[in-house]
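Following this line, the structures themselves.
Both of the next two complexes hold subunit A, though its partner changes from subunit B to subunit C.
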Partner chain A sequence: MFNMDWTGEYVAFIVFSAVIISGAVFMINFTKVVHMVVSLAAVFIGIAGMFVLLQAEFLAFVQVLIYAGAISILMIFGIMMTKHGDREAESKSRLHKIAAGIGAIALFGILFYAIRQTEFPAQEQPLHGAEDNAMEIGKLLFTGYVVPFELVSVLLTVAFIGAIVLAKKEANE
Partner chain B sequence: MLSSYLMVAAILFCIGLYGALVKKNAVIVLLCIELMLNAVNLNLVAFSKYGVGASLTGQMFTLFTIAIAAAEAAVGIAILIALFRARGTVNVDDYDEMRR
Partner chain C sequence: MGTWLDETLTWGNALIFFLWGVILLAIVLGFVTYAIYFERKVIGWMQLRIGPNRVGPLGLLQTVADILKLLIKEDTIPRKADRMLFILAPALAYVPAFAVLAVIPYTQDLYFADINVGLLYYVALSGISTIAIVIGGWSSNNKYALLGGMRSAAQMISYEVPLVISVVGVVMMTGSLNLRIIGEQQGNWFWEWNFLPQIIGFVVFIIAAVSELNRTPFDLPEAESELVAGYHVEYSGFRFAFFMLTEYVYVYAIAALTTVLFLGGWHAPAPFLDFVPGIIWFLLKFSCIVFFLFWLRATMPRIRVDQLMGFGWKVLLPLAILNVFITALYLELFIKG
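Our next item is the complex of A and B:
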C-alpha cells in the first residue's frame, strides 16, 4: 500500500487527503460554530478534488455545488436562525468524550484491519466513459435509471415542501 | 491506490462519527452526519474507478446519495428550527423529554 511511485496522481492525492483530514480535525477542535462550518466546506472541496482524481468530473462539480455551496450555506442559515455567535460549551462529561473516542478509534481499527487484509482482485477492464463523463452519466440517467431518477425528483419535492411546512411560523399560538 | 482511498474514507467516517457523538450543537451534529455520508460517497466513487467491474454505476449511486443527503439536510434544519422555536435551545443534551 505504501510502496507506490510518486506519480502526479499520488501527489495530488496526498494534497487532497491532507486538506480533507486537517479540515475534519479542525472541525472537531474549533470552538466557534461558524468556524466549524467553514472548515467543513474545505473538507467538501477536498472531496471534490478527489472525485476529479477518480475521473468523476460531473460528480466533482455536483459536490461543489451541493455540498460546498448549498449545504454549507443552509447550515450557516441554520446557525443564524438559532443562536448567533454560539460557542460550543464544554459541559459534556469527560467520560462521554473518552468513550466516544474509544468507539471511533475501535471502528477505525476494524476498518484498517479489514482494508489491509482484503486482496482486491485485478481490474477486468478500465473505467470506460471516463472522457465525456457528464454525457455518459446523462445517458445512463435517462436509460437505465429513469425510474429511480423520477422517484428522487418526487422525493425532493416532498422533502422540501415538508421542510417549508415544518419551519413555517405557527399562526398565533 | 484503491486501499489509500478507502483509508481516507475510513478516517473521515470515524472523525464524523466522533463528532456526531461528542458535539453538543445540533447543527454541527447534522453536519457530522453529512461528513459520514461524504466518506461513503468517496468509497463508492473509488470502487467505481478501481473496482473489479469498473463502471459508472458507482457514480450513479453517489448521485442519488447526494440527492437524498440534500433532502435530509433540508428536513433536518427545518426540524431544528421548529425545535429551537419550541424550546429555545439547540443543545442536544437539553432535548431529553423521553428520558425524564
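Our next item is the complex of A and C:
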C-alpha cells in the first residue's frame, strides 16, 4: 500500500478522500440543519476533486457549479426561511441505534466484499479524446444521445412550469 | 508551468508550487491595496475632492494604515451568533476568490494552470463565494445581515445565468473552454478581438459582471443607506477585512477575465505595435477595466431591488440567449457552410 509514488495526484487523492469522508460523517452528526448543508457542500467539492483526478474535468466543474453551488444555496435558502435555531430531535431508542449500527456494518461488509471480489481489467488503451473531454461529451450528446438529451430538457421544463403553477396557486389563496 | 504537475511530488517541487502561490498572493494583495487607494482618489476627483492625501506621500499609505487598523481591532463575535459558521464564512468567501485566479493566462507563456475547461472552473468556483455570503449573513443572527445575505444570494444567482450564457458565444467562436486558447485565437487587429463580433455578449457580460461583483449600480447587498452594511454588519477586524479582500480579488479576477475573453488578452491592438511585450498590453487593458468599474461607481445611482431582478431575468437573459442563436446561425451559414 505504501509502495506508491508520492505524486501530487496521490496526495490530492488522500486529501479529497479525507474531505469526503469527514464531510459525510459531520453531515450525519451535526444537529443544526444549516451545518449539515455546509458539510454536504464539502462532500460535493471533494467528489468534484475526485472527478478531476479521474481526468473528467468537465464533470467535476459541473458538479461544483450545480451541486456545491446551486443546490446547496437552494437548501440554505429553504432553511433560512424556517426557524433559526431548528434542531433535530435526538432519537432515544437504544434498539434503533443498535439496529442502525448493524445495518451500517453489514452494508460496509457487502461493499468491501464486492470491491475485493471484482477483478479490475488491466488498463485498456486511453479513452478516445481524453485530452478534450468537454468536446467529446458534447459530440456524444448531440449525436448518439440526442433523444434522451432532449427528453430530459423537456422534463426539466415541465417541472419548472409545474413549480410556477403550484407557487401561483398558493399565492392566490 | 504545467509539466511540474505530473512529476513526483518532491519537497523541492512542493516548495516551488508554494512559492508561486505566495508570489501570486503578494501581487494580488498589492493590487487590492492600491486599487482601494486609486478608487478613493478617482471618486474624489470626480466629485471635485482631493481624496486621501495625509498618510504618506500623496496619501499612498492610506490603505496600508486602514488595513493595519482593521488587523489590530478587537475581534468581536456576537454572543447569539452561530460561532462555527461565523468564523468559517470569511475564509470560505476568500478561498474561491483566490482559487479562480489559477486559470487566468497573463501572456502566451505566463499562466498557472492550463485547464481545458478553464472558463467553467471560474464560473463554478465563484459560485461558492455566494454560499459564504449567505452563511455569513445567516450566522450573524441579525436581521439586516440576513436581509443582505438573501439579497446577495438572489442577485448573484440571477446574474450568474446571463453571465455564463453571454460567454457561450465566445466559446462557440473559439471552439474551446480553455482560457489560454481563447486568448490566443483572437486576431492581431483590435477589431478582430471578441468584443466587436460578440458585441451583445460583451455588453451583457459587463453588466452581469458588475452585478456579480456587487458594485454600484448593483450594490444592493451592502446598500449602506438601507441595510446598514448588509451581510457583514456584525463582522469586525480582520474577518471584515477578509470580506472586503474577497470583493477586490473578484474585481481583479473579473477584469482579467474580461481582458482575456473579449479584449484580446495579451495581443497588441495593431500588428506594428508588437514590439511592446504582451504583458504590458494585458496590464493596460486590465487597468482600463478596473478604472471603468470605479468610474461607474462614481456616476451611477443604485437601482431598486425589484428592478434588479426584472432586469436580470427579463432583459439580460433573453439578450444573452439571442446572442447564442445569432452566433450559431452566423457560424453555420458563413463559416462552416
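In this section, the second predicted complex is superposed on the first by the 154 of 173 C-alpha atoms of A that agree within 3 Å, B and C clash if a C-alpha of one lies under 4 Å from a C-alpha of the other, contacts with A are read in each partner's own complex, and residues count from 1 in each chain.
The working rule: a contact is a pair of C-beta atoms (placed from the backbone, for glycine too) under 8 Å apart; a residue touches a chain by one contact, two chains touch by 3 or more.
All of these numbers come straight from a predicted model, not from anything done at the bench.
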item	value
Touched partner set for A:A70, first subunit B, second subunit C, both or neither	both
Between subunit B and subunit C, more extensive residue contact with subunit A	B
Partner chain in contact with A:V62 - subunit B first, subunit C second, else both or neither	both
First, second, both or neither for A:G8, with subunit B first and subunit C second	second
Contacts of A:I28 with subunit B and subunit C, given as first, second, both or neither	first
First, second, both or neither for A:R94, with subunit B first and subunit C second	neither
Touched partner set for A:P148, first subunit B, second subunit C, both or neither	first
Subunit C-contacting residues of subunit A that also contact subunit B	10, 58, 62, 70, 77, 133
Subunit C contact footprint on subunit A (complex, rising order)	5-8, 10-11, 32, 34-35, 38, 41, 45, 57-58, 61-62, 64-65, 68-70, 72-73, 76-77, 80, 84, 131-135
Residues of subunit C that touch subunit A when the two form their complex	5-9, 13, 82, 84-85, 88, 115-117, 120-121, 123-125, 127-128, 130-131, 134-135, 138-139, 141, 146, 149-150, 153, 157, 175-177
Complex contacts: residues of subunit A adjacent to subunit B	1, 4, 9-10, 13, 17, 20-21, 24-25, 27-28, 33, 36-37, 40, 43-44, 47, 50-51, 54-56, 58-59, 62-63, 66-67, 70-71, 74-75, 77-79, 81-83, 86, 88-89, 91-92, 96-97, 100-101, 103-105, 107-108, 111-112, 115-116, 118, 120-129, 133, 136-137, 140-141, 145, 148, 152, 155-156, 159-160, 162-164, 166-167, 169
Residues on subunit B engaged by subunit A in the complex (per definition of touch)	1-8, 10-19, 21-25, 27-28, 30-32, 34-35, 38, 41-42, 45-46, 48-56, 59-60, 62-64, 66-75, 77-82, 84-85, 90-91, 93
